[in-house]
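This report concerns only the one structure given below.
Each chain carries a letter (A, B, C and D) given by its place in the written order, and its residues are counted from 1.
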Amino acid sequence: MADLDLKNNNTISPVVNLQTLPHLTDYLQNLQTFTNPLHNNQFYHPSDHGFYISSSDVILRQILYNLAVPAPPQLDQQLAYHRAGPRQQTYFDPSCVKAAIVTCGGLCPGMNTVIRELVVGLSELYGVTQIFGVPAGYRGFYTDEHVHVQLYPKLVHNWHKKGGTVLATSRGGFNLHKIVDAIQHQGYNQVYIIGGDGTMRGAVDIYQEVVRRKLNISINGIPKTVDNDVGIIDKSFGFQTAVETAQQAINAAHVEAESAVNGIGLVKLMGRNTGHIALHATLSSRDVDCCLIPENSFYLEGEGGMFEFLGERLKKNGHAVVVVAEGAGQELIPRSAAQKEERDESGNLSFLDVGGWLKSELKHWWDRDHPGELLTVKYIDPTYMIRAVPANATDNLYCTLVAHSAIHGVMAGYTGFVSGPVNGNYAYIPLEEVAQAKNPVNTKDHKWAWVRTVTNQPDFVKG
Amino acid sequence: MADLDLKNNNTISPVVNLQTLPHLTDYLQNLQTFTNPLHNNQFYHPSDHGFYISSSDVILRQILYNLAVPAPPQLDQQLAYHRAGPRQQTYFDPSCVKAAIVTCGGLCPGMNTVIRELVVGLSELYGVTQIFGVPAGYRGFYTDEHVHVQLYPKLVHNWHKKGGTVLATSRGGFNLHKIVDAIQHQGYNQVYIIGGDGTMRGAVDIYQEVVRRKLNISINGIPKTVDNDVGIIDKSFGFQTAVETAQQAINAAHVEAESAVNGIGLVKLMGRNTGHIALHATLSSRDVDCCLIPENSFYLEGEGGMFEFLGERLKKNGHAVVVVAEGAGQELIPRSAAQKEERDESGNLSFLDVGGWLKSELKHWWDRDHPGELLTVKYIDPTYMIRAVPANATDNLYCTLVAHSAIHGVMAGYTGFVSGPVNGNYAYIPLEEVAQAKNPVNTKDHKWAWVRTVTNQPDFVKG
Amino acid sequence: MADLDLKNNNTISPVVNLQTLPHLTDYLQNLQTFTNPLHNNQFYHPSDHGFYISSSDVILRQILYNLAVPAPPQLDQQLAYHRAGPRQQTYFDPSCVKAAIVTCGGLCPGMNTVIRELVVGLSELYGVTQIFGVPAGYRGFYTDEHVHVQLYPKLVHNWHKKGGTVLATSRGGFNLHKIVDAIQHQGYNQVYIIGGDGTMRGAVDIYQEVVRRKLNISINGIPKTVDNDVGIIDKSFGFQTAVETAQQAINAAHVEAESAVNGIGLVKLMGRNTGHIALHATLSSRDVDCCLIPENSFYLEGEGGMFEFLGERLKKNGHAVVVVAEGAGQELIPRSAAQKEERDESGNLSFLDVGGWLKSELKHWWDRDHPGELLTVKYIDPTYMIRAVPANATDNLYCTLVAHSAIHGVMAGYTGFVSGPVNGNYAYIPLEEVAQAKNPVNTKDHKWAWVRTVTNQPDFVKG
Amino acid sequence: MADLDLKNNNTISPVVNLQTLPHLTDYLQNLQTFTNPLHNNQFYHPSDHGFYISSSDVILRQILYNLAVPAPPQLDQQLAYHRAGPRQQTYFDPSCVKAAIVTCGGLCPGMNTVIRELVVGLSELYGVTQIFGVPAGYRGFYTDEHVHVQLYPKLVHNWHKKGGTVLATSRGGFNLHKIVDAIQHQGYNQVYIIGGDGTMRGAVDIYQEVVRRKLNISINGIPKTVDNDVGIIDKSFGFQTAVETAQQAINAAHVEAESAVNGIGLVKLMGRNTGHIALHATLSSRDVDCCLIPENSFYLEGEGGMFEFLGERLKKNGHAVVVVAEGAGQELIPRSAAQKEERDESGNLSFLDVGGWLKSELKHWWDRDHPGELLTVKYIDPTYMIRAVPANATDNLYCTLVAHSAIHGVMAGYTGFVSGPVNGNYAYIPLEEVAQAKNPVNTKDHKWAWVRTVTNQPDFVKG
């Protein structure tokens, strides 16, 4: 190629900064190790080269390089993570394992698949028989009335075909000492915690308290966020099912809008901090005229504003479809003093209903600027109909991989960690890191630009 | 950790072997270059750092390392690919572009989305107006009766919601000189070819002939394989939709089997050379008792054979579900002399119907070994019902990314190439390499082991 | 049988009260008649006995008799209706027909199928070529900005696969004289009006004005009510699709409720005057704990009230699902003075949001009676997602039958009438009668009792 | 109206021929009667007028009259049936009831709903606790290996959401004396038999043998025929679900055909004796070019034949879709001597695969008449994917009504009967009558003519 005189031999020499992964041996001495029971499992071929993963197996985080630029010294760009997978030696005797599984926070497609795969994996891969479901979220650990349910493969066989969580869930209820006391009291030595960012922060606290008490208990976190707002991992389970299911709501909004005079179909989709679902649903549907996400401010009035844009769109097409992520435009909605204080049970700031507000603002604008003309705004909030469905095939497989990776890591003695895909391969990541990582939509990126070419919406940057 | 004394600073020093990518300037002199029209596109921010991709931007192919092992000298493990994306300079004046799009071979979910996105992308990103659909596959280039149809965004707007290919397709019909003559005659200077492995081999020939004739024509290939049997790229479009849709057939087989006395539900799924669909559908469904794929030989009679296994399963559960990839067991089916010669129009070896054969063998076995007892075999071949559906949301986005990447590469003057995801990022890969790369299921890998833990089927290795 | 000494010859002798059906000849003299063009249509066999329906062909309305009771003298129980179907003589020369089709009011599955079938039927059965769609409801007749669109079979071919109405619709806009003037001005002599009860009352006015002006114009009404609240006819189109689609919302509510601590899933379904959708969806789903409909009053507090019932249900099962028709409990919701005056554009009384009110009342009750305990109420309003879907196969056929029956009747010179199923056979019914007929759920009937055996809910009759 | 001088008072005076319904008292003396337990059921209001149905309550079969024609003396046109519903007196003490439910023959959507509703209805309406499922069809009564399973409401709660039959089914296995011996031996006094026409003929034999032995056992038949080929009743359960699901196969065939060069999509649908599914699916889909049913002979070659028609259609549109009922064209397919003798286990004549034969004939025709031209025939047999789905909402309700009607009738002492809808109302019909009644598609009727206007296919009447 004319403009490139790179030679085909370039050394990129990254200094690998292997992320430290917490392990039971960090604070416990003389732990016994065991030969991985997979060694004698008829379905595996552990003698094959590459079957067992060792602590020196890593995944590079950075895989994109510009060969024309010398490797930068910033370490944070050159992280490597431990690879997920079975280890040759384990730190648990399966017959002594007592595992607890808990689901916290709102629903997300795939929760039951994760539970199912934890149960089936622990049981069939490692021969664990003492597996318990903690009902109703964090409070289920210590509230007397909630009986922990024993789980076994036959019981959970069809759970991946059900939406929601058979264990039940709740927001809040986090009480560190009661929880760790209960874990000790019940004799659990493996705890699998499925939940969102608040839940993951709680899991970090539990892990740290377990370390402080020097308990031989491994804590694993499985990020559950239908919004896909967790960083580091490629994506979270249930997200793709949610995008798929959101199409139904957008279709309905489109039909309603098209069938009306100056019809606006308004769909609110999940996404408090990030607009991933709105963005992906818009790209998949291609019937959306305007997509509003938290990462991209917008304004209603004036030149380049949403009213001007929708006015033109209605004039041209007679209808328009607007998709809004629930966290978008929060700064535009007037809040009462009380609303400024409200927080939900997980401690998240209380979100105002951007959909209801937009519907009302649209009507006011129209009545003011187009008196006597019809406007039809149909507002659809499909949240519960999206998040309560079972996982699709793609997410189901994802759930299997996450759950089995988690089990391998826990059996290998890792603790305070998360398993998840990094660049398409499964890695172990410190819980603390995941609990803090965000995953905003990059509005400078092509995907957001594509949304805008699909919608032709303005960039809402005031001139 | 006790067993690892790796330090956190390890140098892996790969010597990057950047894959050479064919470019029009390889054989044409003094080509004019143009500023990328995205520069003036309201939806993009080309001034942002990192917007344009340059020829020094690469994606590493190898991202898994064992830090305990010194970097090996094998070059093939250290390949890097050019990153896909818009270039600052293009080699085509949009007003002079005449693009052709052709679809070849069998149906696959997402074909229409790819066509749609090529049209919309060429038009809205680059301002190209001369875009034509070549009907009915390769023969459509040169057969008089097939009129090339002009395509434009409004026409293709809803095509992503339709299964199949609006352009129509056919197998075979490849005639190198007639095709290149027709391309020249019609004045096409960008040719986008969507098809399977046979089609890609044809595209390589077309590219080479174009080079030989020193024509200023860029040839791009978009691998279409519902089976996911193309190597190098992470996966092919339509595959996940196919896995999703296959669940319906497996469910039906499961219901039929459960409702019968000694019921066997037998489902044949696509996959001539690879069992990816069978494997993923089995993992997603978890209702399958035996999954047969081309990569793993099996046998029927005797100890450890399928009859023994199914006999036990029927005894235990009263029913069983078998999923078989169409390419599995081909070596077991008796062929007549004529059948040994038969090839399909794309030149592929003619496959025998493993489903029909298995159904018949199962009945013979049962009548022989369990005379007087009932057996019910229900055989489902859902192939056309799977491949004729529109792409799901996940595949739709994939199609957009592949098509837009292809356009950026072609506009940048690359030719004889494919765009596709490598480790989750979009890369440009030489057509020749893709046309030869296979993507078999790795039966030593955990996924296949998981299938076997799901099914508990034997490994069919004779003792 | 012991307790019955009825003989097998019983005469029930109903005096048939054949419903008078308006006809153009009622007020126009010397109208020309024509041989039905079906006579020469290759697809029909008009020479077969029974092909043509005559004005003496009737359908009995009453088909249930108690032989032990002498035939009662009440005439209203012995009505007979004219049968729908092609007549040997028609009153329109197809080449002189100019037909208008208009859709009014809210969306309902099947509207596009009805339009499609009117177009295809008029064109292919009778050879009519002048068929126009009046956009945007009644106002579309006379508002300048709305262009009447010519419709023909190829254009409408796929409309039955789309939700909504391609013609667009609106509420209100009824202006009798402007509409009839416009009909005259445009030269329409057949007008097909698709809409709800308000629309049907408007159609009666139009018909009467047409009679008053002695115009040779036939007016046909096609009742569109997703709620199934129109009397006389067996059921209305779109109803069964709505019941089907409502299952998704109930499933989601069930999943949300089951996955929560003291979870209540609350679903509001369409049905202002009648609870048919709520009732049928409850019977189909069988996951509902309480079904509230307009025909059956309920109360919240005290013995036998809903709070007591739900309290017990939560105690027993930990969750509950409530389905409420939008018209239920309207008398319980406090109204502001302003709300007491509000009416929608069709003149219907403005309905308050019973779902939002119930959600709020449930929370107040729980906080008051169970302080400190969790309650989770998830409220789903799937209205637009239900009514915007295309008709299912059953409704699609219904739409065909209604539309073709309408055409046959109009061609035969009937006017001011509706076609619809009576006891499973298609009849012609005077518009005035249909416009006034209600179809409440009979709460004394077995179906409502079955709902209560499914839900085990109280009958809310205060002791 | 000008041409009708009928007065509004016409007496049609039918002499009601009330169909005799077998009852236990026909051959047993001094049976004890009981007050219907519904009397004390909180969900019913038995004191309401009209709640209980008496043996004098009838449904008229004939509801269409031509007032111009004097009532004909033929009795068979004036049948009346006993109305279904609860009777004031019952002939069973619920605490002494031991009920058996059996499913025979092939699968049909809704079987599990019928079983569920029989169990729930017997239990919750009448307080019966001894309810058993006979597994695997008729042979399950007497074969040692099949254990009769006790059924109760909690167990069957979700069965309506599953396809197939949880009880399992089989063809054949009918052995009159073994079955009646087993019924006696097990102490069953109510037997509910769900199955097709062969099964119903078996049920007649069982009923007659029970009468011969003078046993106090009521035999009820519930016709299960996805083909809708049973006469007298309006339609059979599962039929509408099948029509709905068949759309998917037709869509796939349409996509395959459209995407090919001279593409023919060929779909075989259920229907051995009748083409109802093919007819309804064609009307719903409207994408079919030719619909072949058993009631309408067709031929391939020559003028007005199918080849000529398809040739024209391919020339015009480039593709065609053919739907064929499995019983169509049987007389055209060459049979070997062996095939002329083959019968299935239910004794039905073995049907040849009309789809495979047609596919092969189409190819021969094309190769002969259009040598060198492409033809693509894609043959889809979706049978098992259609019949294994759960019932849709419409069919679910139907199943409830049929099952509850059956229970009321059995409790009231009727035997040898079927419950089913006649003119939209539920009636009791003698088993013998139903076992013999056919329900062919009336090809002289408008529905078949509509199919032909949809498809524009010839009537295949040789000139």
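The rule we apply is simple: a residue touches a chain if its C-beta (ideal position, glycine included) is under 8 Å from a C-beta of that chain, and two chains touch if they have at least 3 such contacts.
The model shown is predicted, which means the values in this text are computed figures rather than measured ones.
Chemist: If you apply the touch rule, which chains end up adjacent to both chain A and chain B?
Modeler: Expected: no chain.
Chemist: What chain is the most remote from chain A, judged by the mean position of CA atoms in each chain?
Modeler: That would be chain D.
Chemist: Nearest whole angstrom, what separates the Cα centre of chain A from the Cα centre of chain D?
Modeler: 48
Chemist: Between chain B and chain D, what's the gap in Å when you average each chain's C-alpha atoms?
Modeler: Spacing between the chain centres: roughly 44 Å.
Chemist: Could you say which residues in chain C touch two or more other chains, in rising order?
Modeler: Residues: none.
Chemist: Let me know each pair of chains that touch one another.
Modeler: Pairwise, the chains that meet the contact rule are A-B, A-C, B-D, C-D.
Chemist: Would you tell me which residues of chain D are touching chain B in their complex?
Modeler: Going through chain D, the ones touching chain B are 107, 136-137, 162-166, 168-170, 248-249, 251-253, 255-256, 258-261, 263, 265, 318, 374, 376, 378, 380-382, 384-385, 388-389.
Chemist: List the residues on chain D that touch chain C in their complex, please.
Modeler: 1-4, 6, 8-18, 20-21, 23, 25-26, 31, 41-45, 48, 50-51, 54-60, 63-69, 80, 83, 85, 89, 120, 124-125, 157, 160, 234, 240, 243-244, 246-247, 280-281, 283-284, 286, 392-394, 396-397, 400, 404, 413, 423-425, 444, 446, 449-450, 452-453, 456, 459
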